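Two complexes, one shared chain (subunit A), two partners (subunit B, subunit C).
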Partner chain A sequence: MAPSLCAHCKTNRALILRPKDHSKLCRPCFLTTFETEIHHTITSTGLFTRGERIAIGASGGKDSTVLASVLKTLNERYDYGLDLILLSIDEGIKGYRDDSLETVKRNAEQYGMQLCILGYDELYGWTMDQVVEQVGKKGNCTYCGVFRRQALDRGAARLGLTHVVTGHNADDVAETVLMNLLRGDLPRLSRTTSIVTSTPSLAADPAANTHIKRSKPLKYAYEKEIVLYAHHKNLDYFSTECIYSPEAFRGSARALIKNLERVRPSAILDVVRSGEDMAKLVPDSDEGCGRVCTSSVPAAEEEQGGCGSAQGPSSGGDLATLEQALSSDDRAADAALEIEITTSSIAKRTAPLPLTVGKSRKVPKAPNNTRKQPKKQVMGQCKKCGYLSSQDICKACVLLEGLNKNRPKNHIEVGYEPEKEATSVAEAVKQLDVGAG
Partner chain B sequence: MPDTQNEGTIKITVEFSGGLEMLFSNERKLSLYIPAIDADGSRSNIAFLVRHLCETFMNDPRKELFVLDDTVRPGILVLINDADWELEGEDKYVIEEGDNILFVSTLHGG
Partner chain C sequence: MPGKQITDVVEQLCRRCTENQAVLVVRRDPLCRDCFVRYVHTKVIKHMESFRVRNADPNRQRKLLLALSLGASSVTLLHILDHLLETQTSKSGRTGFGLSVVFVETAGDASHQDRLSKVRQAYPDYDIASLPLHDVFRLVPDQESLSGLLPESATVEELSPADKLVTLFGSLTSATAREDVAATLRTRLVVEYAKSSGCEGVLWGDSTTKLAEKTLAETAKGCGFSLPWHVADGETPFGLAFNYPLRDLLKKELVAYVDVVGSPLPSLVLDSAPTQASMSSKNTTIDDLMKQYFESVEVNFPSIVSNVVRTTGKLKATLTTNDAPACDLCSMPVSDGRFGIHGWGGDQHGIADPILASSGRRLCYGCTRSIPSTTNPTNGSA
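What follows is the complex of A and B.
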């Protein structure tokens, strides 16, 4: 096959076939085009303000490494005037983060950025190893996932920053769109498609609250292009192992996305766009911020990542897990527990109405409406830590309470019954799983 | 691996990254000789190479993490001399002496 020429400069040999539009580009043209598109995303959404200090959620993996590299490049090229800091979370699993944290440390040097590594022990008082010691191997992924979801926000609050950027890409967004579509959870679909999400920060006093802004500048970037960018720019990144477990991947929404891409590469961006269009139909359910900041929606519980990566998509994308979650939702619906039901379909309304107005509001079910509505989440704040939560006490605080209550004061203490403790914590996890949205 | 090149073999470099190396005994780079003509008498292409790698170099039993439905599984990028394999005819690309074939997984966490 004769080598084709770059569609852009028409001089160099084309090396990259862009998934979104099938254009063939050479290495330098691809790198520039990729960067320019991210710049366009940033400027068209007004993502940053001059002088802003921003934490880049950095795991050492491809997405966050590319994000850090591109933001550094753009910050210099277009003079954004940003102060960029790498923020890494150490779950405290002996040996597990060593390589990825080493990668982040090298990145910090390569990009001349300040690096802050915060451990679960600093953020929660428990390392994952200690959690595992207490609750056993089974169920510890629940802790890791719940803790991780809040870790970047808690970390940013520690650093006095109000904006965290993460490396979520178009494939990640498309995956969550599909997942939420399958479970009929449009409010969450709306939250996850937004480029900017916000969570109330962790001040105990809600009046002193500032919002932590979360954004994903790579939202429209294909995972394929991110990997190619890292490759052609010789970026130093680390591949985590955990996600590769076939159990986590087989039959997942992620696999579905990749299969769609193979058949029709534009499908990923089409799903993202469809998600955005559907999100427009969903009334703003953010109580904290209401209609004032329309571009900003709550972020809590957005990420489903389980064990394995700072933003690992696979565990959350497991269709089997989804099936289970759906059937337990159905059980809850049958029991009519805390379910709020809308009477008429959104399409019939001329103006969007809030799906949920307050915690206590219950709309009587219309007799002719046989369709089961998904459980609505009412976003409030955790009374303990101030984090965005649909319950009075957020999941992390519930888990921590269970852990702290059972924290062994003295290992040789008479009457110490590890088995019993493990059971009570396991029960706490079970309760959470049922309540998990 | 023989050090000298026999008649009818071609020398190529195969690389794995993005986590794929874990399926190949953590080997990131292989220098190997493959027959210029495969068992069917046609010139060796990427499809042949993928089968060959599975049979000869993969110690991991989870072949489906590399191959699915007789081709490289979706989510794994193939670069032939740094060019996207889609520009080169995908698995029908006929391998040449000195080629560098890189398999990169995009499936790992970021």
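What follows is the complex of A and C.
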């Protein structure tokens, strides 16, 4: 078979089969097309303003590395006039994050960008390794996600800027759409499909970390094309996945997305489109009123940072938890049990589980009014740390309180190093030996 | 599966009546035969409340059309509605509604007609019509837009309805496109038949599981905008109401019902081969994938299945869509006339005139993925 020519320039040999629409392109045309599409996303949504300082949430992985590279290219090519800074969060996971941070440091040099690294230990007094030691591998992703969300905002505030871009791609968004349908979370469905999310400014205190805009310029870019772009541009990225357990729910949705992509390559984009359209159908959403309501940008406080490391069909970890919660709700509703039972089961669920919406219609009316209508989130400030939150105490502070409560009585300093601990234990054992002998 | 459950519950008493031996476990409760049958009937009749005798005008019989596919679900629905009408007659001497039945044939399968005649024998009181799918090219009033979907080379005027259907399917490039278009046309045919036979609503036999499949499948096809009309009970843009009386019953419960009730049901249901995704993704359809996915979720996580359906039911169609222009294929209103796959963020090209780009056809985003474009062959999905 004769080699086919690039569908775009019609001169070079086509080397790349675009995952998105199966068109055949040569290497330079693929790179330009990919960049032009991101440029289109940026300009058509008016994502940036001239002179804006922007933090790129950089993990050293393929998505954020490609994002940094493309933004640098476009900033120069189209003269956006942006000041780009890399912002990395050090979760404190040995054998994973320390290596990927080395990649980010190299990227900073390669792209000539300023780099700011902020650690969980510095912010919260806990590294993820310590959290896992305490809570076990199961459910630690909740901590990591909640902590990371605030960490990026705090890092942005520290850098004195108000806009963070993240490397979420079309596959991530499509996954989130399916995942939120599966767990029945409409408010979050309507929030996560938006390209820009923001924590609306409370204005009162400029020092608070509240008015941070988040956006995902790669929202419509296929994961496979990001990998191809990184490969053909010889980008330096880190590809090991997080060593702790993946989110089972996301894994289940991810497997489904990959299967859909095989059947119809456009399916990922189609799910994103459906998600955007459905966001307009969610009652009480900002999208529903044609964006003329008070806040035109969805709040993003509780959006969970999927670490995107899940793979394969899930073992069903939190599927089972949700199933249990839902079926006990159903049983309560069928039996028309009294309110004490339903409310307590709700209270119990708030921490580890996504809020479920579907509830009984048979439950007695009067004392239950607050639960009847899906609560419209009212944003306030966390009483402990001042971070924007719909609750009195923000999620991170709640989690921290739990962690600190169980911390051993003998206080461990922030500058804690496991090696020292190990040697002192060894010494203690030696002394014991001596004592015994 | 029901058989396995029966062996599991030997020696257990029914949790509802606490008298009889349980025959199977339903949502963690062991139930006896009678209580299980009552459980299924209650769930169905709850959704037929508005068609009770006391709500019926004695001078004007309301007529409903049941769409029969000869699967376990729709056959069960027919059986239960027959039972409901019989009860209504014996209690009050009249019924709350009249029932017609329609079956849409798929070409080249004769086994259907055999089952269908058995259904006619078992339920002789109803008018059970059987229509070929190509009748959609006869019954739909707006033939022009429907024929516009055929490839441009086709000389539409000379083709019979059957030939039109063959030509249309011949132009579709993937298994999933063929299945998606067939399902859409089936819905439109049922709607047109309902209208022509004076029915004010259509009863669909979709179980909870099927509705959950549909939710995710429509999402995956880019048709998320039309979900409120495909999953919820009530008025639709077709100009009549859709109702899903089996919406609270899982597929596995309906399969068990057919077994438990016994004759004549098992002989009426077409055997559906267990869903097995084809090894080649070329022959797999999006519907297959979702069916497989929820069949596995249903086994251990039934509440998640029903939660998907309940959640989708909360989506509200926006007011403006009621007078929006409709898609040529699925007939759903497209808000702002945003036809085709262009003219939104994910398009990333900025084509100025979306209508022009969709080559004169007025197709919604999702249907554009199925019908190959005549002007821009690179845009079709493989």
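What we mean here is this: the second predicted complex is superposed on the first by the 261 of 437 C-alpha atoms of A that agree within 3 Å, B and C clash if a C-alpha of one lies under 4 Å from a C-alpha of the other, contacts with A are read in each partner's own complex, and residues count from 1 in each chain.
What we mean here is this: a contact is a pair of C-beta atoms (placed from the backbone, for glycine too) under 8 Å apart; a residue touches a chain by one contact, two chains touch by 3 or more.
Keep in mind it's a predicted model, so treat the numbers as computed, not measured.
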{"item": "Contacts of A:A267 with subunit B and subunit C, given as first, second, both or neither", "value": "second"}
{"item": "Partner chain in contact with A:N169 - subunit B first, subunit C second, else both or neither", "value": "first"}
{"item": "Partner chain(s) touched by A:C9 [first = subunit B, second = subunit C, both, neither]", "value": "neither"}
{"item": "Which superposed partner A:P283 touches (first subunit B, second subunit C, both, neither)", "value": "second"}
{"item": "Subunit B versus subunit C as contact partner of A:S239, first or second or both or neither", "value": "first"}
{"item": "First, second, both or neither for A:N259, with subunit B first and subunit C second", "value": "both"}
{"item": "Partner chain(s) touched by A:G61 [first = subunit B, second = subunit C, both, neither]", "value": "first"}
{"item": "Which superposed partner A:K224 touches (first subunit B, second subunit C, both, neither)", "value": "first"}
{"item": "Footprint overlap on subunit A, comparing subunit B with subunit C", "value": "259, 262"}
{"item": "In the complex with subunit A, residue positions of subunit B that touch it", "value": "17-19, 22, 62, 64-65, 73-75, 77, 79, 82-84, 86-89, 93, 102, 104-110"}
{"item": "Residue ranges of subunit A touching subunit B (in the complex, touch as defined)", "value": "1, 3-4, 13-17, 24, 27, 59, 61-65, 167, 169, 171, 223-224, 226-228, 231-232, 239-244, 246, 249-250, 254-255, 258-259, 261-262, 305, 308-314"}
{"item": "Residue ranges of subunit C touching subunit A (in the complex, touch as defined)", "value": "27-28, 174, 176, 215-216, 218-225, 227-228, 281, 284-286, 289, 293, 297, 300-304, 306-308, 310-312, 314-318, 341, 344-346, 348-350, 365-366, 369, 378-379, 381-382"}
{"item": "Residue ranges of subunit A in contact with subunit C within the complex", "value": "7, 21-23, 36-38, 40-41, 44-45, 170, 177-178, 181-186, 195, 219-220, 256, 259-260, 262-267, 269-278, 280-283, 288, 316, 319-320, 322-323, 326-327, 329-331, 356-358"}
